[in-house]
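Two complexes follow with chain A in common, the first pairing it with chain B and the second with chain C.
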Partner chain A sequence: MQNAIEFQNVCKRYPEFYLDNLSLQLPQGQIMGLVGVNGAGKSTTMRLLMGLIQPDSGSVSVLGCKLPAQQVAVKAQIGYASDDMRMYKNETLRWHMGFIQSVYGNWDSRYAEHLLTVFDLKADQKTKGFSHGQRVKAGLLLVLARRPKLVVLDEPTTGLDPVAREEVLTELAEILRNEERSVLFSSHNTQDVEQLSDTISFLHKGKLLDSQDKEIYLDRWRRVLCTGISNAAALSLPGLVRAKQNGSLCELVFNRNPEHAVARLNELGAQISSVEPMSLEKIFVAAVKSGVHV
Partner chain B sequence: MNHGLNTPLIKILIAKDWHIQRKNIAIYMVGGLLALSFISGGEWQFFMGTTLLISALIGLGNHQITSSIVNERKEHTLPFIMSLPVTPMDYLVAKLIANMSLFIVPWLIVCAATLVVFWITPIPNGFIPLTVIIGVYLFLCYCVSWSVGMISESEAVVIFTMVFTNCLIGPIMYTVTRFSSISSHIAAAEAVWSIEAVGAIVIQAVIILLALASAFYWQARKKTFL
Partner chain C sequence: MTEGLFLSQQDSRPMYLQIMEQIKQKVRAGDWPAGHPLPSIRELSVATKVSVITVKRAYTELETEGVIVTQAGRGSFVADVMDVQKTLIEAELEKYIAGLIGAGRTLGLSDNRIIELVKNALVAD
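Here is the complex of A and B:
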């Protein structure tokens, strides 16, 4: 299967930030959620994808084209929306729709009208009167109605109220039904990533901590509660990411081979009270705090 | 690196800038033509009209650079434009053509109207070389501020450049009129194009070309556009 996105050993240095040897692939038709705290490198990664930044070393390919050299061909097939993107405030949404339509031959007017209704947007309103939620939805409309092969969304749901968030996620889920369309989106909101993604990638301080199929990834992580361990901090077990002790109760987080870890704990005389799967949010926090690279 | 320009999209971006700037242009054009109506009314009207005219052209240039280049970054519409199938060089070319045409068209109309006023009124035509030198200087101010805007991407630096270049209008007028070959013919019935007058225009043209070329040079070297 061809990769929609391919980063190979990409490095980019800024005075306060270093994107360290990023290698990442997104197979065509897949949805990748890019997770990381502020300053992790998500936006830099997306700007590299749009050819707006030249890497210091390494290579970036999108839809089979090298960046930034072939950025015009690439951007003709990408729909990109970011949190820091604004429309012209004195123009109406209708004007913006006409403007984008003049650029993209694939513009789907019927779908655009459908999105206007679904997102409850007024096309003839000047965008300076839009709320944050309306602005995000209008931006998505302009991206989705051009029917791109690759959708790149930087924080699409940040700052949205629950209703607007639900509308956006539903429409995203709808466009993701197209098996040829690939999506890369970043979010602080791990629930959104968990809901939509096929693949999860963690960025932290410019490094890719992990990138894997969501189901396999979630299945790997376990939280084990047990008693009978005198010094949890001194435990040395394969895949142990974090160990916390509160009196006699130990909380252990494993990122691989949980069955093996449980068996080993039993051998050490621990009484296991629970072995729980973890939400992406809990995994995210544990991974970031421990700086785990798998 | 692909050096071909995306001409169809450049045209769309130029049309977009014309559309967005249309009201500003109309306002400054009306201001400029209003100033012209004063010029032939008498001595004080001449000075008032000239001051208004220069102010209108300075205002047009500064307003345009601020709203078209500085605000595009400040108000985050640049990421919207750069998400389109366009390279930073396409963007620069589109901005060059859009901004230059947006300034040159009203600038030419006002300059031409000024010359017509000189020809059809008792104001001596000897003023024409000085007027053209100042007119070209206003264009130079615009081009230098434009290039600084594209290179520096900084609002503060652009504003400083605008203020600095516009403050030089007085000293430039003073310096030019120190040349007797220019000042001695100001009251003449016909325009006299001395070597100094032509030289002043040529030097300004060279500075304009250098300023624009430096914008292209820096744009080609940029590794981070946003």
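Here is the complex of A and C:
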């Protein structure tokens, strides 16, 4: 299977930031969620992907085309939306739709009309009157109606109200119907990533900590509550990421081999009250706070 | 149009378990009889807004449990073994019994006392 996205040993240095030897693949037909705190390198990664900036070293390929050499050919197939994209404020959304249609051959008018309805947007309104949520949805409409093979979205649900967020997620899921289309999106909303993505890529301070099948990734992590450990901070167990103690109660977070960890804790005389899977949100916080290489 | 399932992010169980549980419920309730085709993985994924990989995992585990069968190129179906429905209800009953025994033991009740309580409840029913 062809990879929709391929980064090979990509480095990019800024005065305050260094993207460190990024290697990453997104197979066709999958959704990848890019996770990381502000400044982790998510937007830099997306800009590299769009040929907006060039790597200092390494190579970036999109849909089988090398960037930036073949970027003109491949861009017709990529749809990119980010918060800092502007529309002409004195023109209507309908005008923008006509404009994009005149540039991109595979504009799907019926789908565009469908999106107008489900996003509850007024095509004949000038965009300067749009709320933040309406601008975000209008931007997505202009991207999605082109039916791009690769959709790259920088924070697509940030700042949306719960209803708008639901509408946007529904349309992102809709992209999946076609097995040849792929999505890369970044989000601070770990719930969105957890729900929609096949692969989770975790960036931290310019380094890729992990890029893995979501089910496997989430399954590795467990939160264990127990009593009977006198000094949790002194525990040394494989995969132990975080240990907190409050009196006799201990909360331990493991990032691999939870069964083994539980067996060892039993041997140490701990009484285990629960072993729970963790949400991506909890994993995210535990990983960043403990600063470990997950 | 595929009927979605009712999944919740507030539910502490992983998504794939919720999907498995609801498919089993549909089979138990008789909504989906033996031989009934399941939605394709992609279809269910779009309908529930849950990633393909998660739905795939739910289907794989349901297959291991014998609830569904997957035929290459044709899709997945509710297993045609005798009484999947009955098997599932039996599994459910076992789960309740285990819970009952566990709760009884936690209270420090003797086995006889637990049996007595069950008998009383049966009489009262």
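As a working rule, the second predicted complex is superposed on the first by the 293 of 294 C-alpha atoms of A that agree within 3 Å, B and C clash if a C-alpha of one lies under 4 Å from a C-alpha of the other, contacts with A are read in each partner's own complex, and residues count from 1 in each chain.
Simple rule for what comes next: a residue touches a chain if its C-beta (ideal position, glycine included) is under 8 Å from a C-beta of that chain, and two chains touch if they have at least 3 such contacts.
Just so you know, these numbers come straight off a predicted model, no measurement behind them.
Asks: Could you say whether A:215 touches chain B, chain C, both of them, or neither, answering first, second, both or neither?
Replies: A:215 sits against chain C, while chain B stays out of touch.
Asks: With the two structures laid over each other on chain A, which partner does A:90 touch: chain B (first), chain C (second), both, or neither?
Replies: After superposing on A, A:90 lies in contact with chain B but is clear of chain C.
Asks: Which partner chains sit in contact with A:72 here, chain B, chain C, both or neither? Use first/second/both/neither.
Replies: First partner only, chain B.
Asks: Is A:54 contacted by the first partner chain B, the second partner chain C, both or neither?
Replies: So A:54 only meets chain B here.
Asks: Kindly classify A:197 by the partners it touches after superposition: chain B alone (first), chain C alone (second), both, or neither?
Replies: Once the two structures are laid over each other on A, A:197 reaches chain C alone.
Asks: Looking at A:159, would you say it contacts chain B, chain C, both, or neither? Reply first, second, both or neither.
Replies: neither
Asks: According to the stated criteria, A:98 is in contact with first (chain B), second (chain C), both, or neither; which is it?
Replies: So A:98 meets neither chain B nor chain C here.
Asks: Which of the residues in chain B come into contact with chain A in the complex?
Replies: 1-2, 6, 9, 12, 16, 20, 75-77, 79-80, 82-88, 90, 223-226
Asks: With touch defined as at the start, can you tell me which chain C residues reach chain A in the complex?
Replies: For chain C paired with chain A, touching residues are 9, 12-16, 42-43, 45-46, 48-54, 57.
Asks: Along chain A, where are the residues that touch chain C in the complex?
Replies: For chain A paired with chain C, touching residues are 29-31, 169-170, 172-174, 176-177, 179, 191, 194-199, 213-215, 218-219, 276-277.
Asks: Under the stated contact criterion, what part of chain A meets chain B in this complex?
Replies: Interface residues on chain A, with respect to chain B: 47, 50-54, 56, 68-73, 75-76, 78, 80-82, 84-91, 99, 102-103.
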